[in-house]
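First up is the structure itself, then whatever we jot down about it.
Labels A, B, C, D, E and F are assigned to the chains in the order they are written; within every chain, residues are numbered from 1.
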Amino acid sequence: MDRDHLPRFTAAAVQAAPVYLDPAATVDKAVALIAEAAAGGAELVVFPEVFVPGYPYWNWTMNPVQGSPWFERLQRTSVDVPGPHVDTLRAAARRHGVVLVIGVNERAAHSLGVLYNTLLTIGPDGELLGVHRKLVPTWAEKLTWTGGDGSSLVVHDTPVGPLGALACGENTNTLARFALLAQGELVHASCYIALPVAPADYDMADAIAVRTAAHSFEGKVFSVVACSTVSPEIVDAIAGDDEELRKQFTRPRSALSGIFGPDGRPVTEPLVDDEGIVYGEIDLARCIQPKQMHDIVGHYNRFDVFRLEVDNRPRPPVTFTAPTAAPTAPAAPEEDV
Amino acid sequence: MDRDHLPRFTAAAVQAAPVYLDPAATVDKAVALIAEAAAGGAELVVFPEVFVPGYPYWNWTMNPVQGSPWFERLQRTSVDVPGPHVDTLRAAARRHGVVLVIGVNERAAHSLGVLYNTLLTIGPDGELLGVHRKLVPTWAEKLTWTGGDGSSLVVHDTPVGPLGALACGENTNTLARFALLAQGELVHASCYIALPVAPADYDMADAIAVRTAAHSFEGKVFSVVACSTVSPEIVDAIAGDDEELRKQFTRPRSALSGIFGPDGRPVTEPLVDDEGIVYGEIDLARCIQPKQMHDIVGHYNRFDVFRLEVDNRPRPPVTFTAPTAAPTAPAAPEEDV
Amino acid sequence: MDRDHLPRFTAAAVQAAPVYLDPAATVDKAVALIAEAAAGGAELVVFPEVFVPGYPYWNWTMNPVQGSPWFERLQRTSVDVPGPHVDTLRAAARRHGVVLVIGVNERAAHSLGVLYNTLLTIGPDGELLGVHRKLVPTWAEKLTWTGGDGSSLVVHDTPVGPLGALACGENTNTLARFALLAQGELVHASCYIALPVAPADYDMADAIAVRTAAHSFEGKVFSVVACSTVSPEIVDAIAGDDEELRKQFTRPRSALSGIFGPDGRPVTEPLVDDEGIVYGEIDLARCIQPKQMHDIVGHYNRFDVFRLEVDNRPRPPVTFTAPTAAPTAPAAPEEDV
Amino acid sequence: MDRDHLPRFTAAAVQAAPVYLDPAATVDKAVALIAEAAAGGAELVVFPEVFVPGYPYWNWTMNPVQGSPWFERLQRTSVDVPGPHVDTLRAAARRHGVVLVIGVNERAAHSLGVLYNTLLTIGPDGELLGVHRKLVPTWAEKLTWTGGDGSSLVVHDTPVGPLGALACGENTNTLARFALLAQGELVHASCYIALPVAPADYDMADAIAVRTAAHSFEGKVFSVVACSTVSPEIVDAIAGDDEELRKQFTRPRSALSGIFGPDGRPVTEPLVDDEGIVYGEIDLARCIQPKQMHDIVGHYNRFDVFRLEVDNRPRPPVTFTAPTAAPTAPAAPEEDV
Amino acid sequence: MDRDHLPRFTAAAVQAAPVYLDPAATVDKAVALIAEAAAGGAELVVFPEVFVPGYPYWNWTMNPVQGSPWFERLQRTSVDVPGPHVDTLRAAARRHGVVLVIGVNERAAHSLGVLYNTLLTIGPDGELLGVHRKLVPTWAEKLTWTGGDGSSLVVHDTPVGPLGALACGENTNTLARFALLAQGELVHASCYIALPVAPADYDMADAIAVRTAAHSFEGKVFSVVACSTVSPEIVDAIAGDDEELRKQFTRPRSALSGIFGPDGRPVTEPLVDDEGIVYGEIDLARCIQPKQMHDIVGHYNRFDVFRLEVDNRPRPPVTFTAPTAAPTAPAAPEEDV
Amino acid sequence: MDRDHLPRFTAAAVQAAPVYLDPAATVDKAVALIAEAAAGGAELVVFPEVFVPGYPYWNWTMNPVQGSPWFERLQRTSVDVPGPHVDTLRAAARRHGVVLVIGVNERAAHSLGVLYNTLLTIGPDGELLGVHRKLVPTWAEKLTWTGGDGSSLVVHDTPVGPLGALACGENTNTLARFALLAQGELVHASCYIALPVAPADYDMADAIAVRTAAHSFEGKVFSVVACSTVSPEIVDAIAGDDEELRKQFTRPRSALSGIFGPDGRPVTEPLVDDEGIVYGEIDLARCIQPKQMHDIVGHYNRFDVFRLEVDNRPRPPVTFTAPTAAPTAPAAPEEDV
């Protein structure tokens, strides 16, 4: 980032449903939304968590034995990184000159049992800048996803400024958040999924808002939060004829997307539940003033007292001393970026 | 804490103004408020930041040279820890059998230039459990206070559960907050001061609420937040005849006190601006369920990736190999607790 | 271990059901079974995984939202380590002079959201030798348990020889198994739970046997495998009136206990499904001959080619430079043993 | 491997005896068996360990001085890699379009004293994909063979999926097995020899089965295990007129070949002792479901705790800084693949 | 330093005002003054504290809320280290072959809220030898600057001898001064700013002189002290039409520059208040005799009694185990030099 | 010190010559001067270094062999601590109710070769508060005195406030000075001797003044500096008929006594060369304001960066495990105070 010319730009948070468990069609939908957002002036477009090809709701609505067959279905419709679906997304980012953050189900090269909840960050030149694998899947999600390692906790230098991204509950992880802020993050992408099947007293829209506000306020950064929606197609797929479950899937306040400023307040009105694109103006110079009073990665912290060490080494299942040409080599550092 | 009998109790957050710069009178007022809160059923009573004998507003309303004489005035009205004013507070806690958290201006034993923004934690038997010195004074406060060291970042075992406390902007410090949560904090005392003299677009009540909600939600803990108010006496003392300044001191939404639950929502309606005591019912068993999904000090974190080391060693100006009997010996470990 | 007098002794594998979710009654039952096994001549008594106070079957038979209230119930009936229930078990081991391996649900000192699937190893003098926390809960179990760190992968020196223990699926973990063998393990305790609710084509008895045989054969060690059973009380608690589920809980070949020799064969006939105690004679001298041909921790391995590093450092949520007296301090090294 | 089209195919395990110590004739026999297996539909054909030109039984039946002349005989009948015999095998694989794994006695280019127990992996286009030299000869075998280095522990990308191979006792080596699994192995070739001359209580068929089942179950992979048989010719050669020895050579349950699935069970009935070809259907998609529960190279392991480093660098007797043209240059990296 | 040829040279202390808040113009002015000093024979040229682009006087003359907008203005006109303004200064040092010490406002790479009060030390070959960040901003300065860590307390080996530098009040810090002397410092650069807005009874010229004399006398070293002046442009910018404040800015004895010898006396007459360059002859051999009597880093100290440990580790907000390519990585060791 | 009532008092610095090498007479003179000072209102009276019975000038004017007999003369006229001369001084302090600091030649109990340059601090009740032995004798003084250990670097709690004392060149020792300031010193006694025989360009009065000003300014403390004078009697004794030497002994500006304030300026005009008593008013509250800006033992230091450890353990020549009754036991801890 050229600190003499802090970026000013329009950001777009896409609130949408995937074409469920159809990666090609979902990528096509994403490409169309990217085009729309770019036409709306956006230079940064953020999509929901695991947008391609959708969220494994069965983990919440079925018991594990019931949900087990869905695992293979998701495995077969997940995305290779790198791979053709990623190439399509990269081409769209390049075509429209936008920075893109989008969630995918990634299948690992080295094991058929490993799926990651992954956020891709793609530059306006189509470069795949970052592959962040969610560190800890949340509760029922553990039935599906493997946690990533610390190697992808990286803030990327992009034309819209230093950009970090976390998935869903990671935005509650104090230390993960700080690890991004400490790298100079000024724009934070938070990617969520609509969760109508949460416990009864859970207000997902509020739960998204309080975390987004808190991160923006604490770090004096802009946050772009994008959440998926639940399409009738998803309800059919997961709930089938179960009326009670169908009803649960229509529960209001299950999704919220928007843009929040460094004072913790929304820049524009957030979008709740409905599909759509929320636009917001981001001027990174607005981050300077509030940091004068509380800069938790600077003068308002005490790094003589607190020392946070992030082990960002990749954690492959085996490490070879010399290079190897295994067909499905374990996750190596090079593969993460 | 006996985990088989998680505490259930009433907490009281005191929103009040000190008898400005009069430590004895302010301690008397505190004692009366403790009695009132205990009569209201409270087993935990939390007072505002630097309640005794008040907040150095001159740092915000005067330039440093103008404000300089006030430093000596505050130094002369500050509290020795341990000392007679602390003894009075300890006796009140013992008399009413309450856990007490209260902010004081503490003057150091070893230097006339050192004042700390200190939170005292006192047990229902009158024991002085903790002396937490604010790590980093916020911006203009740096003109008055010296930052503490890491030795007092301690969660205390009390009859109302594992209790931690942070002062004002420390509740924005991601790492300080986590250092308490990681010790098993379940009840968090946040002590603030009314800040009507902040920048124009600052909503102090909101700024308190967002942080309190965030800490409670992130850590799945109860928070008791207590904020001071601005009395006419304070306005006279600081603003004198300056009408503009007098008007600024009456700005609304400068103070908020209340009790927040582990879902990030207030347990009872918070109190804004007015003096009073807010009561709330706390049942620590309510912390179990939300930790099932996101426990950032447990299964939802990755301590293989994140290693937070807290240097909690005292930092005296000099360390002697053998004991010394200096009249105003530097802050030693024993002295902190 | 005195290598001039390799231990010869009788081992007992206890196949039994807990008094479901009643820790005190289950411990009483364990004490009675220890007495019975000791009367039967046993010097080593191995109990099932999480025997106290039972296995969270709801994770497999309910969806997570349905199962959620059970979490708190388990939390409240879990065991503090150290604590009174452990003391009772230690007293029984001392009274009967047996080495004891028993699984418990352990609740962490530092967080109400952390339960561990823990194996306790207790010496014949009542000393708590080891606290092994299952590294990775298996699939649906992730809804309940937090994984342990590497600090408890310890082979203990006991009167019955070098003794290691792993829980359930850990006996599939190639590297965990090797980490014990490499410490000189000669007696391996495998603790399982009856799993009638597994996928349809899963034969739990076979799955236990193949792993036990493999570990014994690969390492040339004796294995004592103990599995829980499903009592009518458990069926009532979990299945209620759901007839299909009740039927599933009676599925045969859901449990197997026994003693296997270094050739991979059972020493005595294993016990399948029924409650009971299996006894077997163990003569550690029988481990010598087979190691002459294949000693994978010795001459039959290639430690110039393979280097396995086990990070056995404790992973507390926070580390303090100086000692601290926090009431519920994070898991420290001392606490693990 | 194209993860969108997981291979389904027929595998063949060849159980047969060599034309003892006659490499050309044995290769001819192998070529005929390859043709037969291909005609039977096989796309993967696995032969026994050191099939060409046979196993040095004298190490077990004679004392070393007695057996010594046999060493030279084996040296003279062993195989150069690359060399004409290998070319014949490559041509057969290409002709029939099969993936081929076959054991040979390999003589080293650089020393007349070095023989390796080597497994060749050849692709359906005739390419020599891998040359795996058994890492540790088992016990008496040490009188004949030199151990290989770690450079050949490679899983190969083949049309039948990611394919690894180990020889005999290596299938007991926890770390060698894991080093293959960690590379994404889904098809495992295990090559054995009939061992009627083992200790009295040794059941070779069982010993093969338990290991094969364990590797398949642990890794959730298919195993193709091929074992040699003992021909009358071999009995004559080794036992001569020694009746007791002749009798021992006819001991039953000395050989077992077959195909095992990812649940640890045989796909078809294994073949014991007799010559023949066992066929089995392999569908790699069957590896997905069981990995959902236990994926030891993925979510069921703890690579923060266990770090396995494989030194796969070649270990030639001398390394030259500049190229050399020595006629029998030491095994260089290029030569291994 | 070649101790056989102790340096003798001319030093220049530049007393001047910046082109206020215009970094490019101020650097141009600095380059011109370097040329002038070099023409005057100087081999060491010392500039005032934060010369580029000037001192934040608003901290003293306004209250923090009033002064707040100036923070952003300073942030935008501060200097990247390394960066183009530093390159210009390095080129000037190289062109004229002088050792250069100059103060700048440095903005941190990792946070928009972090400004350092930094002294750059540049060698005659243009190398950036040192980046010293003032450890503790003085009182009102805390509203603007973040304190540095101990990593830059370095005495540099230069052609004019072992050279250390401290900013303003740091020359009062007994331990900081000793930390430089103890590294063999013989030439000490003290950089100050004119402070006409200090409390009424403060004589800044005296305050500079007493500290400079004391450090030179105590350490037996030469000191080159350079102080800024207040230009009419600064008075206009800060005081505007406030006559009282304008008057205060003309207060005499607010600045002093000069060269002091190891006996604590000025080598030449110091310059008070006016712009100009003070030259002085420095012969490091003059440091030998006075050290014969009192050498506080040698025979006149008692290092059996006093042990001063300087923690000179960098204190970044986060530490990564492996290298990272974050766009605005936290202050790393490499960045300091 | 009662921080609510900071002492205000008159201090007296005595500039006088001893009755050379006559301890009893010198003590009598001291007693008379104490009476005079007390009559003048002084509550603190400071005498020169080694006032009793005088300074060993021979070390500077004779070569060591010439000066050797004087050592015994000084040994015979030195003071036992405790002892009758000390008792006389204690009685005087008690009689006049003054705090007394006075230098003596102390002879050690355990060796005839050990003389210390000692400062006694005596309370107004006659208690011997402190015995500080000069740590390092200056240059030629090393021919006479043994250095003390760190055990006497103590600031004493007296009615005139926290009082420290250093002898002559110790006031140049950065670390010794800091060790006192860090204990909360607010009144510093500096004891010197007139040194007319120093190198030609040495101005002793200046050298005293610059150090006294520096310590007061740096620490924001009051300093009372007392220096001896050279009486004709001393000139006779040391110079005899050597006219050049006699002339040297009359060199002006060899002595300076006075009181300096926390701004580094003299409170009253210092006395140069002549005998007399300088009085000065000390109000410790004057230390508060300047510490607001620079408090080097508080907020203006960085104790995370600098850690000064003082080994204040006594260093006797031998340490006995059990008590001993040796007549001239080595200096034990108890004996020092």
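Note that a contact is a pair of C-beta atoms (placed from the backbone, for glycine too) under 8 Å apart; a residue touches a chain by one contact, two chains touch by 3 or more.
Here the structure is a predicted model, which means the values were calculated and not measured.
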Superposition of chain A upon chain D: rotation angle, C-alpha, nearest 5 degrees: 80
Copies chain F and chain E - interface residue numbers shared by over half, same or different: same
Most distant chain from chain A by Cα centroid: F
Distance from the mean Cα position of chain B to that of chain A, given in whole angstrom: 36
Computed distance of Cα centres, chain E from chain B, in Å: 38
Centre-to-centre distance between chain E and chain D (centres being mean Cα positions), rounded to whole Å: 73
Geometric centre distance via CA averages, chain F-chain B, whole Å: 46
Interface hub residues of chain C, defined as touching at least two other chains: 68, 139, 143, 147, 149, 199, 311, 315
For the chain B and chain C complex, residues of the former touching the latter: 1, 3-4, 6, 150-151, 154-157, 162, 178-179, 181-184, 186, 220, 284-285, 287-292, 295, 297-301, 303-304, 307-313, 333
Sites on chain A touched by chain D in the complex: 68, 71-72, 75-76, 80, 107-114, 143, 145-147, 149, 311, 315-322, 324-330
Interfacial residue positions of chain E with respect to chain F in the complex: 135-136, 138-139, 147, 149-150, 153, 169, 172-179, 181, 199, 201-202, 206-207, 210-211, 213-214, 217-218, 263-265, 289, 292-294, 296, 299-302, 304-312, 315
Interface residues, chain A side, partner chain C - complex: 59-65, 68, 139-140, 142-143, 197-199
